[in-house]
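Below is a structure I'd like to ask you about.
To keep things simple, chains are lettered A, B and C as they appear, and every chain counts its residues starting from 1.
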Amino acid sequence: MIRLPTNHSFPDRLLKLFSWFCGLLLLFFFIYLFLDIARQGLSQITFNFLTTDPMNAGRAGGIAPMLVSTLLLLTLCLLVSLPIGIASAIYLAEYTDETQWFARIIQTNLNVLASVPSIVMGLFGYAFFVVALGLGFSILAGALTLACMVLPLLIRNIEDSLRNIPDEYRINATALGLSRYRTIFQILLPMAARGILLAVILSIGRAMAETAALLYTSGYVSRMPESILDSGRSLSVHIFDLSMNVPGGEQNAYASAFTLIVLLLMINITTLSLSRKIQKGAFSEH
Amino acid sequence: MSPLTRDRYLHYVLKFFACVSILSLFFIIFFLVTESWAIIESTPASKYILDDAWHPTDGEFFLLPMIVGSLFVMIGAMLLSIPVGIFTAVLWQFYAPAWFSSILERIVEVLSGIPSVVYGFWGIMIIVPLLAKFQAPGTSLLAGIIVLTLIVLPTITLVANSVFQQVNKLHIQNAIALGLSRFTIIRHIIFPQAKRGLLTGVILQAGRAIGETLAVLMVCGNVVQIPGSVFEPVRTLTSNIALEMAYAMDIHRSALFLSGLVLMLVVFMLILMTERMKFTSDNSL
Amino acid sequence: MSISTTHSHLKAVPENYKSPPGIDKLSAYINIENLSLSYGKQTVFEPLSLPIYQNHINALIGPSGCGKSSLLNTIVRLTDYQNNANVKGQIHVNSENVLDDSTDLISLRQNIGMIFQKPMPFPMSIRKNFELPLKEHGVKNKDELEYKIEAALKDVGLWDEVSNRLHQSATQLSGGQQQRLCIARILALQPKALLMDEPCSALDPIATKVIEELILNLKGKYTILIVTHNLSQAKRVADYVAFMWYHQGHGKLIEHNYADVIFNNPSNPITTAYVQGLTE
């Protein structure tokens, strides 16, 4: 908050009024939204709900398969994107600087990749993973598509954490005769560990919110997936299906939406407390 | 393996992974182009505008209503969310007490992570019936605009807030020492410096708005028409893809891939615009 | 509570001391009484009293970290906008306590102008740099604006250099020119006092010389309080010098006297050590 001297002039008061109006309008809509979902959804959340299969096309029963599918999707996505992400971030942070044309091409590419509309990503996922690679509608195909979406976010965040480490550490390491390999893996990466964790959690949040990209890659089937080559429905897709295609499915849709929001809230809180810890003393342990 | 050799291999391995990470972009473009090739080859561009209707199975590819739908929804949402977002940021940076601002900030941060599907769902449950009371059928362009505004608003507010905070504090200090008051400082010192960052943020969100699929699909009504009023249903390019992919064949499917390609190119151009802006803003002044 | 300050702490006026022409009455335009500043639990400087003599150059010297800049900030109440700033004591200007809640801050800052270490003209045209504060303080007439801008620029010796490019951005000027612009910007408001926080630290020696000459020219027309850690600069320009040093981790006013006395015959051993360069 930036405090400024006020003289209560007419424009100042007008701006104040208008800003309050906008702020309260925003608050109103979102509190309404949240309370509505909480009120309608909370009543449905029972242990049963979280652990049983949906019945009657989802009007009754629970969301267990969706939770499992979502979990599988997230895990696979991270398994694929994390190595590539960390390696690329290390390359960008430690071997290039912003002036090289190669680095700038990669950065621009990543920026574009990050903004690809999710339905277009879904189209690509369908054409490539589902059809061309023959994976069919499967959790694997969905996870790989998610990995493409999540990769730029991971790389950008991890690269930032690495770049934030002061150069003195690298200089000292070289002066001591340490190889690049050792410097990176035994000094820099551990220091960036919290930042990497933060990047991972942010990516999880992003992946959980993804819906359109999954429609035509991981599929629509609502039963419990038996393997990663099986089709599975994520929680977000389930909300979509219940609200659009299943008359009478609203109650469970509310409950699923509430579950999803709560999960995301937990992720958000973890992110916030982690990033605050990073700001307070990232390198204090070294 | 000697440390020197290990370092050399490390360099190659890391470089390889970096290249892999951008490989996906090339693959995406490649597949989009190959899949839409069928329709690019066979159909002149004029058909998208001059055909009578969208009946892809009959060879009618009147895409214009969907392009218009996408544009209208995006523009409407931007028109609503830009002022509300910017002025909310003004509120919590300059006018509201500190405790209120920090609560507001936390709330908006959480909101920016909520999936668009949830907003779309709430749109169906609350906004659409509300609009329907006003003017049937409820699922309409306006519903799409409102829902899209809700989706984009948190991020725009956060961007505006961070842009305000990044204004050079020394300028503000000088301004205060010269006896300038709050409104003058906001208008003449802070806003001019914030303009560039705001523009970048807004353009990026516009790109996101035009790419939004499910939320608008849920509340827009999905009738292929150029709307006469905001209360009429529309179908966006993105919803079109999502709806018809399930059963599209051959050239129909090709047409859908083509819409996807066009969307990508539009977003790509928006990104290039922001990159160029970042470049020129570093050079001027 | 008397406002006129007793000068008893000043030693007898040295024979070669010449007061500036036109000044016959010695009085304090700004009278600081028992002023202290802290941020939360961290004290910046402990209670000090300091008269700032009208139309003379008062220098505040001492090592960095003693709170000299913070003292200046407190006088124009910039501390109001800092978190946790706790100001105690009184600052009298024209028999009014500046630290009162009822003080009109806008006119306070018109009356007492502040120059910062890093020259920071606004990123707009030279003309707009002047118009913004002038308009804020009620000058609307176009001719009056032009007149004041020209007068202020002439006062700092910039008029010849920039008169034909007032519409160009102020950031295109050199460091020295920018600092003179910042000074002119304040002079246009016709203040009575100028507070300068190390105005030459960010400038090269030539620009520094120009600014120092300007400051000497301004003496007699304005009350000046200049913070500097450059002892030779203080010797060159100051009439009165106040010396601050550390005491238990925060700042403390050690000695205040004629410049001549502080530099040649100080009473306090710390002052002696400092001005002789032993503890710079």
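Basically, a contact is a pair of C-beta atoms (placed from the backbone, for glycine too) under 8 Å apart; a residue touches a chain by one contact, two chains touch by 3 or more.
Here the structure is a predicted model, which is why all the values come from computation and not from measurement.
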So the chain most remote from subunit B by C-alpha centre is C
Greatest number of touching C-beta pairs links chains A-B
Rounded to the nearest Å, the gap separating the Cα centres of subunit B and subunit C is 51
Chain centres from averaged Cα atoms put subunit A and subunit B apart, in whole Å, by 17
Multi-partner residues in subunit A (2 or more other chains touched) are 2, 4-5, 7
Among all residues of subunit B, those touching at least two other chains are 176, 179-181
Shared-interface residues of subunit C (touching two or more other chains) are 81, 105-106
In the complex, subunit B touches subunit C at residues 168, 170-171, 173-181, 184, 188-189, 192-193, 285
Contacts from subunit C onto subunit B in the complex sit at residues 76, 78, 81, 105-110, 113-114, 116, 118, 120, 122-124, 132-133, 136-137, 169, 171, 182, 185-186, 189
The answer for subunit A against subunit B in the complex is residues 1-2, 4-7, 9, 11-12, 15-16, 18-23, 25-27, 29-30, 32-33, 36-37, 83-85, 87-88, 90-92, 94-95, 105-106, 108-113, 115-124, 126-128, 132, 148, 151-152, 155, 179-182, 184, 205-206, 208-212, 215-216, 236-237, 239-240, 243-244, 250, 253-254, 257, 260-261, 264-265, 267-268, 272
Residue positions on subunit A within touch of subunit C in the complex are 2-5, 7
In the complex, the residues of subunit B that touch subunit A are 3-4, 6-7, 10-11, 13-15, 17-18, 20-22, 24-25, 27-28, 31-32, 34-35, 83-84, 87-88, 90-96, 98, 101, 104, 106-111, 113-122, 124-126, 150, 153, 157, 164-165, 172, 176, 179-183, 185-187, 204, 207-208, 210-214, 217-218, 238, 241-242, 245-246, 256-257, 260-261, 263-264, 267-268, 270-271, 275
